[in-house]
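Naming follows writing order (A, B and C), and every chain is counted from residue 1.
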Amino acid sequence: MSHDATPPRLPPKPIIGLERLAGVCLVAFGLFAYYASSELPFFTQGGVGSGLLPRSLSVLVTLMGIIQIVVTWNEPQETTGRWPIRDMLPVLLGIFLFAVTIRGFDFGAFKVPVLGMAVATPLAIFCSGLAAKDVRVGELAIFSVVLSAICIALFRYALGLSMPVAPWAIGY
Amino acid sequence: MLKNITRRSALLAGLAMMSAVALPAAAQDYPSKPVTLVVSYAAGGGTDAIARVFAARLETALGGRVIVENRPGAAANIGTDVVASADPDGYTLLVGNQGPMVVNPHIFNLKNDPAEALDPIAMIADASLVVVVGPRLAVKTMEEFLAKAKEGELIYGSAGNASASHVATLLLGQTADIALKHVPYKGAGPAVNDLVGGHIDFMVTTIPSVIGLVGDGTLTALAVTGTERFPELPDVPTVAEAGVPGYSASAWYGVLGPKGLPEDVRARLTAATAETLSDPEFVAKLRNDGGVPSTLSGQAFADFMASERARWGEVVESAGIKVE
Amino acid sequence: MIDMFQNLGLGLSVALTLNNVFFCFIGCLIGTLVGVLPGVGPVATISILLPVTLALDPTGALIMLAGIYYGAQYGGSTTAILVNIPGEATAVVTALDGHEMAKKGQAGLALGLAAIGSFIAGTIATIVIAAIGVPMTRLGLLFGPAEYFSLMVMGLVFAVVLAHGSLVKAVAMILAGVLLSCVGADMETGRERMTFGLHMLSDGIEFVVLAMGIFGFAEIFKNLADPEKRDVVRTSIGRLLPTMRELRENVGAILRGTGIGSILGVLPGNGAILGPFASYAMEKRISKRPQDFGTGVPQAVAGPESANNAGAQTSFIPLLTLGLPPNAVMALMVGAMMIQGIVPGPQVIERNPDLFWGLIASMWIGNLMLVIINLPMIGLWVKLLQVPYRLLFPSIVAFCCIGLFSISNEPAQVMLAGLLGLVGFALWKLRFEAAPLALGFVLGRLLEEKLRQALIISDGSMLTFVTSPLSAFLLAIGAVALLIAVLPTIRRSRDEVFKDA
């Protein structure tokens, strides 16, 4: 966890540039939202239709994107830097595993049974914890079990939230 | 709090032991595990409050735990789907009200039709609504109200599109043949606020949401929508008495299970609900909240739902409410 | 005046009975807990506890429920400051500079200022309720849909002021936020909009899901991408409590925040959410170094936190004087009163003076308790930041997942928040700010609702927004604030153009 040891390199030349890319993203989002709301009526006999706000906002967002591209066109551009998707993946997977196990999930091809908090919570903690560069697997395993027990006691019993705990063992 | 946890963990340990030796559940042991009472709304609404008070009392009557589970979404249709697709073993029940049970089938293309996929067990309560006017429309009686309404379009607020308050007003407009303009709100609270502030003309809303303001004279109650007068408002006539013959509307709540409940489980639940509804303390709480305990169960409840469904079907159809 | 003190005396005599002090304490404790836990809000907690409170006497029950409400407001800022997860819309503003302070090793100072600011705000707001609660009710009633719409427009302008980077990007984020708030069933026709047939979107995107995604999860992703920064937070902790000098520097912000929050709290339909960022905008406006806002300025925590707490307190006014609930928690309080056999409305003050004044007095006691509970806790919270990050972030993931699931018992919400976390990370990479997006989202809902209601009432005439004096006034303030925010940017870019030439 010391400071980055790699010697300073010259920044790579940006392909599109951070600020221009930001504008492009806005345009893409605006156009997508316009497409998604294109079937909604703008006005109804009585007044404002359900499409008025979404569609005019999509146009405005697109417009802001264009302005962003124009005003930053001549500015010196930076790259967006590294996108450490690999470092983030365990966390995303942990969140996903929690979601599919807590109350079961139907993928069509196969079904995940209702495993409840007793399985979903330690899975989420352990899996996401693997994202740390300084991970200690043994410590993380013990930690995930202990913290899960605390979570179950806190959310299910102290706060009385109605979540499945371990239906396969204790019925709910 | 602490005491509660120990009691519950003791219960948990007990349950764990029980289920370890559990045989396929026979109805005599029903309930052998906690019963889930599904509420189709997020925690904090009116149906949720009724369900929670009901669940607490039902636990005693059934002699087992009853857990309220909120499954909101898709105009309360998700809750219907959850219970419709659950095993019909009596461990997953629904607290339904007129919205998802009899109005929504006319408005949405539903995955599960409540009349076919659900088994009505018993009705819990029936709550009359009340027609109230605020300072913007200074009338004192239903007669004056109807006269004013003939002169020009009145503006009314509702607790939301297709809510009890909305459809009851639609029915009023259709029965009395008056033109009305609808302003939907998110819940009764903000609508009543605008009624008191004089931004809208009138509302048909639940009695608890306005009774304090009626008592004070801030709002005027013109009529109640049920077939009988409300005990707390003895001087307020019913809409039918006050010049719109044949009119009645109410918000009601009932317990339903998935289709195909075993007869003995259903009998057990019917008896437990009846026991709960005869508890004076529970009844008092219902009445405080504007509700009248119901005696309908089984087939009678199913018949009631069918007639309500036909009735509201006509109302929403002629109002042209339909969601693609 | 004498009446007021007599009444408060009566209230104190009710609130200070052993039973009621106990209920107040329990309420504040539970409230702090659910406030700190992301995703579990006071609404769910109060409705779960509703059957339990039926066994209590009405005054005790309501004192406890009220304690949960303001305790949760308070606990929410702790999470916002420490781990950048605003559990409620109001905490978004606190997170802006509060979390930056925590990153600089000033978590103790931020939490201390929040606690003391909240206490001062709570004390003043209690007196405000007792002294002018009844006349203030009228203020809320002046706001019909047209006035409310104009207020929201003004709020969106404040959201521009809030941003500290590029103006174009800030405006784009606000608009995108409003756009996101349109997702879900149309309130007038029930027709689904931009939901792509997904059930979980049919009621719109939950604020908590959005916030946990673009703030909570995104923050974890940022830290994983950039581990060195994270270590700085852990190594320097700083002092735990503010010094007298720091208090003096912030007392102005606290008092201004209290004033703004108290007024906006009375508004129906979550008007209180405007309080914190009206306060933030004001502090930034009058600050000598507005460019520092967003990098951890104490006044930017003290002011909005005070506004938040004052608003939470005064939102009881419409409930107590008219029985009108301005937000979901207050609606639950109405339910709790009804079930207990107390008719909420103008008569409560005459028929149940014990309850009325007892509840008001208990708010002050509750605020005192919150300080007593929380000041010693600050040390503990700050210690929490010293937990190795490799264990801290999996814990945050777990708490967030459970909280997200508890909103509607729907696993899809957890996944959606995960995806929004990626979006938040991308926004950070592209140097967009997430706060204007969140604020646009919160205000957008009300904006559209009120716009449409106003136009139905006015038969489609836009004139309704200027014929109402109050509405016209609010729009004018918004226009002026926008000009003030935009002019320097335009002038600057013009200067740059001339410089280039």
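Structure notes:
Keep this in mind: a residue touches a chain if its C-beta (ideal position, glycine included) is under 8 Å from a C-beta of that chain, and two chains touch if they have at least 3 such contacts.
Please read these numbers as outputs of a predicted model, since none were measured by experiment.
Nearest to the overall CA centre, using the mean of each chain's CA atoms, is chain C. Put simply, the chain farthest from subunit C by mean CA position is B. By number of C-beta pairs in contact, B-C leads when B-C and A-B are compared. Taking the mean of the C-alpha atoms as each chain's centre, subunit A and subunit C sit 23 Å apart.
Separating the CA-averaged centres of subunit B and subunit C is a span of 31 Å. Once the centre of each chain is set as its mean CA position, subunit A and subunit B turn out to be 37 Å apart. In subunit C, 44, 48, 188-189, 191, 409, 456 are the positions where the chain touches two or more neighbouring chains simultaneously.
In subunit B, 1, 68-70, 181 are the positions where the chain touches two or more neighbouring chains simultaneously.
Counting partner chains per residue, subunit A shows two or more touched chains at residues 46, 162. Those residues of subunit B lying in contact with subunit C across their complex are 1, 42-44, 46, 48-49, 52-53, 55-56, 68-75, 78, 107-108, 155, 160-162, 181-187, 189-190, 192-194, 196-200, 208-209, 211-213, 215-216, 218, 284-285, 288-290, 321, 323-324.
Those residues of subunit C that touch subunit A in the complex are listed here as 33-34, 37, 40, 44-45, 48-49, 166, 168-169, 171-172, 175-176, 178-179, 182, 186, 188-189, 191, 193-194, 196, 217, 220-221, 224-225, 227-228, 231, 388-391, 393-395, 397-399, 401-402, 405-406, 409, 411-412, 414-415, 417-418, 421-422, 425-426, 429-432, 447-448, 451-452, 455-456, 459-460, 493. Residues 26, 30, 43-44, 46-48, 50-51, 54, 140-145, 185, 187-192, 199-200, 202-203, 268-269, 318, 322-326, 328-332, 334-335, 338-341, 343-348, 407-410, 449, 453, 456-457 of subunit C are the ones that touch subunit B when the two sit in their complex. Those residues of subunit B whose C-beta lies close enough to touch subunit A in the complex are 1, 5, 8-9, 12, 15-16, 18-19, 22, 32-34, 36, 67-70, 181.
Contact residues on subunit A toward subunit B in their complex (touch as defined above): 46, 153, 157-158, 162, 169-172.
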